[in-house]
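Order as written gives the chain letters A, B and C; numbering starts at 1 within each chain.
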Amino acid sequence: MIDLKHCLESLRANTPLVHNITNYVTVNDCANILLACGGSPIMSDDKNDVEDITGICGGLNINIGTLNAATIESMFLAGKKANELGHPVLLDPVGAGASKLRSNAANELIKQIKFSVIRGNISEIKALAQGLSGTKGVDANEADAVNASNIDGVIAFAKDFSLATGAVIAITGATDIVTDGKRVCIISNGHPIMGKITGAGCMLSAMTCAYVVANQNDVFEAVCTSLIAMGIAGEIAYKRMGSLDGNSSFRNYLIDAVYNLTSEQLHESARYELR
Amino acid sequence: MIDLKHCLESLRANTPLVHNITNYVTVNDCANILLACGGSPIMSDDKNDVEDITGICGGLNINIGTLNAATIESMFLAGKKANELGHPVLLDPVGAGASKLRSNAANELIKQIKFSVIRGNISEIKALAQGLSGTKGVDANEADAVNASNIDGVIAFAKDFSLATGAVIAITGATDIVTDGKRVCIISNGHPIMGKITGAGCMLSAMTCAYVVANQNDVFEAVCTSLIAMGIAGEIAYKRMGSLDGNSSFRNYLIDAVYNLTSEQLHESARYELR
Amino acid sequence: MIDLKHCLESLRANTPLVHNITNYVTVNDCANILLACGGSPIMSDDKNDVEDITGICGGLNINIGTLNAATIESMFLAGKKANELGHPVLLDPVGAGASKLRSNAANELIKQIKFSVIRGNISEIKALAQGLSGTKGVDANEADAVNASNIDGVIAFAKDFSLATGAVIAITGATDIVTDGKRVCIISNGHPIMGKITGAGCMLSAMTCAYVVANQNDVFEAVCTSLIAMGIAGEIAYKRMGSLDGNSSFRNYLIDAVYNLTSEQLHESARYELR
């Protein structure tokens, strides 16, 4: 069993400061979910700023959602500095496979930076692992969706990729798969409406970085807890919706649910399987 | 009559992927309203990324709200690529007339890129058409407001500008005017509180691009439907407001209303006149 | 007594246009709170755009939250132009002390630009004043918190810094201190949950700039009124929260409360002391 309560309480007790180099689309949501979960956000992406900022933080969240020439350089500088300092670093390869720039940047980051966690949808993770292209924007290709008939193959693939990179791999979607190369966790929490807001993945990455910083003794459990927490928050938020509510209210309710999440809720609603 | 139901259902059925090169002020709202209306957003503005990204999308939304030297270059690259591919391209000339950079960028875009739609307030569209300056920031000059006494002149102006550019022109405000150079639609939906949130125009442009991608057989009707849909959503959102609600809740309710919009609501509440 | 009613009504009557060069994390909230309080926002940060834009505005809000090489240059250009035109300029030195880039940029801005107001937390203001480093990210160091035992020292420090810069200094936190070098106002409005959303400080700076533009005959009173208004809005928003609400709903309620704020609410709930 994953010690969900311990992971949550460590996060709340430590208020980890997370440096985010992230896209400008969902950055506000990332900041607010970091505060909601018990962390604290800093955003900084200038090459002359990122090393100082990552130095005062506990971890680094790199998200390539709206990367550009200037911020790519900053990702490498911050990543190397965080590696030197032994800080956890998370990669969210948004849109890897959808463009050469994104695929190349993500692949080069993996070569030069040691990541504690790589989190993406199946298309993005496959693009990283295979150097292949062809994702449907930043959402997962339907053909890639994890289901009962292909899950064993996806798990084997994720384990290989974890062993190759040394990172905990989190492939998220309707079913989430987390692995550190040995242990595997299959998570079924969440709700389809989470795909109807922008930033569910970005927020999850930012929060996961905070969980990992606060639970460095077991990164695998930290990542699993973060994914379970986000899924349960999505379920709570969906239940709260009234007939006039849509995706905008859902986004608020999701962050609110993370803010109010208790270890009892985690314990009662978690749906996962360890292999 | 505009086939509102058909335009809405085509959008929902096709989930068009829209590439946005847009400002960082309202970008999150643009992404969420694209999801709300039935589309899917991608944001990308680096010169080495935009051609690949626009290639996997159905249409391109160019918004100059916080343009800079780097993103202007990307607008041209993406616009030309989208033209090559025959994808609809929409221009939102935010603040044209308010600065030389904005006016020049918008005018040069119109020269080099074939736009399917140009949507702005009357000051911005006039600045584009006349190369004139003097708008009050990004809101319309009051002296420019469309009213009963000047509407015929505005329509004649919009028709000329449509014929000159080959684009459907949408001049939005309390009264919206849409024309493809021949047909004209005058729309009265909406509520003044829409001017009390940031991004009502940006969101409308993003959504309009999605409507056009999904209804390329009649761009004029697609644009009209989008404007009517946004206006009705504004009315629904306003009616939902309680005594403690202000512009922030209104913004959420607006996006929620787009998310929940039905063809029955469109049919019952549309207020427009075709000329 | 501060003429709160007059300051509020001047703002609502004048709809001051505020040019913001600000971070991409909280920029949407800054735009919406400017609209909520009675102002109007423009965002522009390209070096070829900022002078034209600041020329059509009433005031300039410079926030260094996600500064970069390009936007720093624009801050100087816009600041000098605003000084030439006699427009109020406000500095929010986000994260000063947390990195060399931020500290140096803020210090150089203070040397080259005449600011009407400098607003930050105690760590940031100390970093500016002392050229010292060591803040905890963008939040105030706990060791720096203003309390009964050190408030006289903080006031003396703030007065000195005000006299040295010619700016009204606003040090905000659980207790706010405002001074123009002679007069001092100690404000106790607000709620701790305001530290659980991103952007409370950024929003306050943007709104304060609007208050100052609309009340240039007494910048000190304008700043005090803005801080009191934000604190009261925070109290109103907190009271509105239900058991499922968290920081995301609080953010909406805060902006809503600014939108609906009356001079009666200001008068009844203000908690301040003039020295």
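Note that in this section contacts are C-beta pairs under 8 Å (C-beta built on N, C-alpha and C of every residue); 3 or more make two chains touch, one makes a residue touch a chain.
Because the structure is a prediction, the values reported are computed rather than measured.
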Since chain A and chain B are copies that touch, just let me know if over half of their interface numbering is common to both, same, or not, different. different
Note to self: chain B rotates onto chain C (CA fit) by an angle, in degrees and to the nearest 5, of 120
When the C-alpha atoms of chain A and chain B are each averaged to a single point, how far apart are the two points in Å? 33
Residue numbers in chain C touching 2 or more other chains? 24, 28, 251-252
Can you name the residues of chain C that touch chain A in the complex? 23-26, 28-29, 65-69, 95, 98-102, 136-139, 196-199, 243-249, 251-252
So in the complex, the part of chain A that touches chain C is made up of which residues? 17, 24, 27-28, 31-32, 35-36, 40-46, 48-49, 52-53, 56-57, 70, 236, 240, 251-260
